[in-house]
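Reading through the structure tokens given below for one structure.
Chain IDs A, B, C, D and E follow the sequence of writing; residue 1 opens each chain.
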Amino acid sequence: MKIKIGAGILAFFALVAIFGPLFIGADPAATSDAGLQPPSAEHWLGTTQTGQDVLVQLVYGARVSLGVGVLSAVIATVLAVAVGLVGGYIGGAVDEVLSVLTNIFLVLPALPLIIVLAGYLPQRGVTSVAVVIAVTGWAWGARVLRAQTLSVRRRDFVQAARASGEGPLRIVFFEILPVLLPVIATSFLATVVSAILAEAGLSFLGLADLSTVSWGSMLYFAQNGQALLIGAWWWFIPPGLCIALIGTGLALVNFGIDEIANPRLRTIKVPRKARAS
Amino acid sequence: GCSGGGGGGGAAKSGDAPPLVVHAVDAGTFQEDFNPYHLEGVNFGTSGMIHETLMFFNKLKPGEITPWLALEHKWSDKGKSVTFTLRQNVKWSDGKPFTADDVAFTFDMLKKHPQLNKSALEIEGTEVLAPDKVRIDFAATSYAKLYDIAGNSPIVPKHIWEKEKDPATFTNPKPVGTGPYTLSKFSAQLYELVKNPSYWQPGKPEVPVVRFPAYTANALQTALQQGEVDWAGAFVPDIDKIYVQGKPEQNKYFFPPEGLVTLLPNLTHPVLGKPEVRQAISLAIDREKIVRIAERDYTKVAHPSGVTMPGGEAYVPEEYRDAAYKVDIEKAKELLKGIDPAQLTFELLVPSPYTDWVNAAQLIREDLAKVGITVETRGVAFQDWVSKVGKGDYDLSIRGTPAGPTPYFQLRSLLYGKLAKPVGESSTGNYERWKDEETDKLIAEYAATEDLAEQQKATQGLAKIMIEKLPALPLFYSPSWAQFRTNKYVGWPSEQDPYAMPSPYTSPDAAMVLLRLKPAGT
Amino acid sequence: MRFLARRLGFYLLTAWAAITLNFLIPRLMPGDPVELLVARMKGNVEPAAIDAMRKAFGISDASLWQQYVDYLVNLSHGELGRSITFYPTEVSTVIADSLPWTIGLVGVATLISYLIGTALGVIMAWKRGTWLDGVLPAATFMHAVPYFWVALALVFVFGVTLQWFPVSRAYGLDVTPGFNAEFVQSVLYHAALPAITIVVASMADRILGMRNVMVTTLGEDYVVMAEAKGLTSRRVMWAYAARNAILPNITSFALSLGFVVGGSVLTEIVFSYPGIGSMLLKGVENEDFPLMQGIFLVISLAVLVANFLADLAYVVLDPRTRQESE
Amino acid sequence: MNTAMNDVVLEGRNLTKHFTAARGPRGRFGKRPPVRAVEDVSIALRAGTVTALVGESGCGKSTVARLLAQVYPATSGEVLLNGEPVRAHRGPAFKEYRRQVQLIFQDPFASLNPFHRVRYHLARPLRLHGHARTDAEEREQVAELLERVSLTPVEQFMDKMPHELSGGQRQRVAIARALAVRPVALIADEPVSMLDVSIRLGVLRLLEGLARDNGLALLYITHDIASARYFAEDITVMYAGRLIESGPSEELTQSPRHPYTQLLLESAPDPDRVAPPAGERHGEPPSLIAPPSGCRFHPRCPVALPVCSAEVPGRTELGDGHWTHCWQAEAAVTR
Amino acid sequence: MNVLEVRDLSVDYLSGSGAVHAVSGVSLDLRRGEILGLAGESGSGKSTMANAVARLLRPPATVTSGTVTYRRQDGTAVDVLSLGKNELRAFRWKELAVVFQSAMNSLNPVSTVGAQIDDVLRIHAPGMSRAERTERAVELLQRVGISADRRRSYPHELSGGMRQRAAIAIALALNPEIIIMDEPTTALDVVVQRDILAEIRALREEYGFAVVFITHDLSLLMEISDRIAIMYAGRVVETGTAKALHRAPRHPYTLGLLRSFPRLRGPREELLGIPGTPPDLRTLPPGCAFHPRCAKAMEECSQTLPVLRSEADGEVACLLNDGRGLS
């Protein structure tokens, strides 16, 4: 159920991000003299101060925000899998070094580090922002994956595969990796959320490329234009809401996966009789 | 009514006149720094309100100079020496008399500590000729630097500063100045200036207390909306809704032009180097629309010469005084006929924190698309933009050029060949890299004379080059922000009486404004 | 104590990494603060003055290695250099002025959020299948909302529209800082809204995390046993289930501190709170290396210390680690 | 098979294994004392024969199994395959060793990767060791293996996922996987302890049959001495990392000589027993970090002599391959 | 005579793929002071039943029918399934205590053994002073063979056998009438197991409580129990005294179980085992649930559900046994 709702939300935004711009066609940055129009038949979500259509921006923003989220999550996950699985499986000095590295990145406060790094970024394009977020965000996944690898490595089926003569690469990728897929998926989704949030935070601080329309940059402009102070709620609310919705969708899917792995977590309807005890 | 607002409930010391709550620059907190030669950390008001300059230059009326601590100046040695005759009976706020020693000390200090010498005055030495006469010697002709010497170098008291080992790091926490105010209270969130009772202009100022609460850009908007601030210099996104609130008589604002925002074409670019392309670009851009949408009508379209109007008429050749931009798509297309359309693709670099420029860039993109020029706007980090534009690593960019006491300074910074370094090296002006002998000659002519008419003539030459050769494409004036409320005090600068820059963050102009204010209703 | 010694060693290593990272980042990145400063002054500075300023700001051309050594030596004396933004104020002064605000705000808010979130998580796990499950979707939603968005919404509703709370600053303009009732009251009043933001935005994580661990713990035999022993529900819930469920949450809590601090940077900016977050942004905007470095270092160290405290708490709360350390 | 029945196929000589504990208190100089899991163990597996290794939990049975399978190297002592000492721990020579000696794990729920089908589990070793080169060969041999472990109809089982199988069926797949390699020695580490009583028998019978019919040398590790009596020819009893008694299963169970073996037999639940044994406490099993001196059983031994705590008893041959390490036995023999 | 009477008890686990009938229609008596062994394959519902009696079922388990009656010494009957919150708390542990399978998991890892005994006393005997409680805790621990200074140990500092003893000590704290022991020795090795069994027997002699002893090790039950009940697929298929069951099992499943255990003494009997696998409790075979695995199954077995009928010293639910014994 959770997975369904979550996946529904995600699918919706994914469709919007992929096909929305084709449908809408309009240029999200296109300005007009009709500034600060409240929602109307013409502008479903009103316009910004410079007369840009909020809905159009929202649709294009989905592409950037989701794109940054997914891109940095992909990078972070690849890093996490590499570090976590390799460290966990090989063990020894390599593992020591990798896990100290992981822990360091884990403990260092990410957002300040992102801000500092972004502050220096020569290019603030979508990709570089995604890379910065990924670089600061892979550690959690690596740590979880390492712990899991350590436990899976000791599991009998890995031992059995070793005993029957499988090589280490094959064991890592064919025996261990599939078992860890749910964990990888969870950490991937969690990274998407935090990446989207981080991108929004960066844009909001004006540290991302503001000439690209993203939900974060929309919020930046809304805040800059004092949208709330002048009552332009339609400018301020939708981007934040979309971020929260996507986050909720991802979290729901994640909880769903958790619940499959650990059925105890499921919410249940307690029959009256049992509740009495 | 509402006297004081959130910031005004405090201690008005002298008389009944209420304190004036001022917001000059965005700050979360203040640092205790009242050294007028510090660039950023210094608290606003130090220069002008506490430490005064020798003369006052009104940038809104180029050429209008008011004697201040100095009564007059005299150049000698072909502009390499200047002698000031000082005002008598001026006292430091601790009661000690102000003398030529203080002036000499100030300029000696600048010579000794180059990092304080932000105008890079080439000081050779000073000589006190009499208690009220001092001569300053320079290594080069410095006529054009009179503003920096007399209008932009606050004088500090020798008897206090000479005790400091390193004036560069001295924070001057208990400033002693000749100005109309002294510091009475400092905390990280608020500092307060009170009237200097022994000020040399008796009876002035009439505003007894000036309070400076710390506001960040965001907080200020709310404060303005709630009427907490009497005088602010801020960009307000929707001034009618947030500030004026239907009371244009009381909640006034005045945004006179202060500098020039230009579209910089990189002249080392093979296509942009061609005048007809620049001409076409200029013809295609609808500056009115940019001003309306991106600048919210807070400013005006620039004069094609780049000279600030009104006020700068004398610096523009007769025939061009009424020149104005007009959009002409057809003509632009005509001009571009000879050029391979594939080459008409440029990147427009803007610093992304400057949201109005980001919007302007977007409008330019839309306009140029109409004549077949493809523009890709790229918003980059401020630092990145500074470094890229400085090094000439861009196609098109938008950049502001600061105003000086006369339009010459603006044009010099925009066009002077010596400022342009080769691509790859950081320049400090002339970012488009305009190389033209005639331009440099005109600039040299201005610098070599103290005669106003000569100077105007040279500047007119520069204006003509701007209009005819389009080395850079002026867009609009950058406004000087000033919101002031008349419920407590009246006498603010206005279009009719532009006696000083109205924004509270311009010094020493803000002190001039304070000296002119009178309680409302008197 | 072996466990703690190991952790301490790790934190020292991490601190060193943070310090080195801190040293390297600005030096490996392009940009020049003086140029920037000049650009922001709209070019009112002549080129000749720039070099002198550069020197004054301590921007040096020495070899990277030499600079590193100098940096470490200075650091060991507690010298973080002078801020460029607030020149000539020492970075340590800037931090000393702003850090207490952040620690006060974030510390208290985090504590509140932790206590409430943990309690809610415990109760929600305990009362599974009741209306309390309705909190879950809300928590899930809150977990994904950007901090600054919540902050702005709160500012608008409670600050601007209802005017119940002040929307900026750490204390009223009319109070004198010091240890007097008026000042303390003003500080609390001003901290209310930002604190609520941090609590609201970070609590969801606590709730969800605690609930999940708690649900798992509830299935453990010792909880069933405690119930069978006829203990009161309160005792089973807190002394048996929650007490154990908190353990894995301590570490995740400590790690999440980094995120809370990150989020509070945004909160501070929205509320113009004079904390370290606002200063960090200022430093970044002005490419103020010394300030950024100093602040990032302090934040990192603070998070490290918090993590170490969490480890201590863990040792106190979990007898199993204690034995190991005998 | 080139080994005749009853030839020693796999042998461990004086195997000793000390683990450095990953956690635990440090001693002086910050060194952690080792876990002396296995001390001086010699054991031989013969073709076509089931040998049982019996002992209580934690006494080191699995460690012996892993040493024999060369999952990790011994601290000292050596392993001999067909009389040749095993030296290689990687490379082709080691792969060859892997091909000859296979391990079956205790928990059939953990020893199959939940993500792979039965076919994959069986086909991989076939391919790895070059027994099957084409798909057809592979299919044929997988079917044959399934048949050997009585998972029929073969077609149906081939494409099942592990979670679709019952415990007994999984253990059969695990055995088939070990057989796929065509080993000469098979080490089964408590292969049925996780299975239900009613299903155990089938699996044990299968193993017994494999040893008997295919001449495999089988080491059956268990803590259930009764089942060892039924399924193994020889039983070796282990206590706290050391061997204490060994002999033909019937003789060992009916006339045990070591006090621990006696205690073990006495303690095993037995409905046929007339009266339950006297309720005296025997104390807890010893720590392997600081094992008791001398005979490791002496603190729990009802008949301990002073010498027991001083010296490790030597091996006393009792005839018919029955031997024990006990001072009492030694005394009895010499007397 | 009976201290506990279970009548027609059914428990379902509700789940997405249909209800699991873990216990269906079980009726069982526990006599005062006896040890009742409950045997059966894994998943046959033994723990579920025990938990139902102790009211420890958690969702998604639900009692769908049946009653559980507890009889006090004075003869008053208590309907266990409808006890209120406070009555239930008093019933649990004063009247009925539980020892779980793995003591490592049933002791709170973060508090000392002494504290966990103290916990019980504080709640149920509020009149006791702190010193009295400590004294009692020491006494209990010594009674099960743990020295007094171990009171301050945490569970992880004790060996498996000691933990199990500590769990038993906690169960004894209030002198309950009934102790349910769910596989209390499965995790231990035989020597330690033997000690604990001896302990339980001795304590039973001393205090006279009744024990429900759950395990799947039938030979163990034969030794320790007075009476034994065999469960298969959620139903009791046979009950009887340990002796009788050992001598002449009446249900084919009991026979199969008995003949699955290798014997240590005497001649090597042939082991029979039970072919096939236990059924899926969601879709039980019709009729006798055991018939697909039963060597003696008849046509009728797949249609008629056999009921538990009383016989001399025991009951059996098998169509074969209607009136006759199992040959």
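The definition used in the following text is that contacts are C-beta pairs under 8 Å (C-beta built on N, C-alpha and C of every residue); 3 or more make two chains touch, one makes a residue touch a chain.
Source: prediction; values computed, not measured.
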item	value
Shortest contact path, chain A to chain C, counted in steps	1
Pair sharing more residue contacts (C-beta pairs) when D-E is set against B-C	B-C
Whole-Å separation of chain centres (CA-atom averages), chain A against chain E	50
Distance between the centres, which are taken as Cα means, of chain B and chain A, whole angstrom	45
Distance from chain E to chain B - Cα centre to Cα centre, in angstrom	91
Per-residue multi-chain contacts in chain B, two or more chains	218, 222, 225, 353, 383-384
Of all residues in chain E, the ones touching two or more other chains	56, 58-59, 88
Complex contact set, residues of chain C against chain E	128-129, 218-222, 224-232, 235, 239-240, 243-244, 247, 317-320, 323
Footprint of chain B on chain C - complex, ascending	30-32, 35-53, 55-56, 82-89, 93-94, 97-98, 155, 159-160, 167-171, 173-174, 176-177, 269-270, 272-274, 278-279, 282, 285-287
Of chain E, residues touching chain D in the complex	41-42, 145, 159, 161-162, 188-195, 197-199, 201-202, 216-220, 222-223, 242, 246, 256-257, 260-266, 268, 271-275, 277-278
Residues of chain B that touch chain C when the two form their complex	6-7, 9-10, 28-29, 31, 33, 35, 38-41, 113-115, 117-120, 168-171, 187-190, 211, 213-216, 218-219, 222-223, 225, 259, 353, 382-384, 386-387, 390, 400-402, 413, 426, 428-429
Contact set on chain D toward chain A in their complex	69, 71, 95, 98-99, 102-103, 105-107, 110-116, 124-125, 128-129, 174, 177-178, 180-181
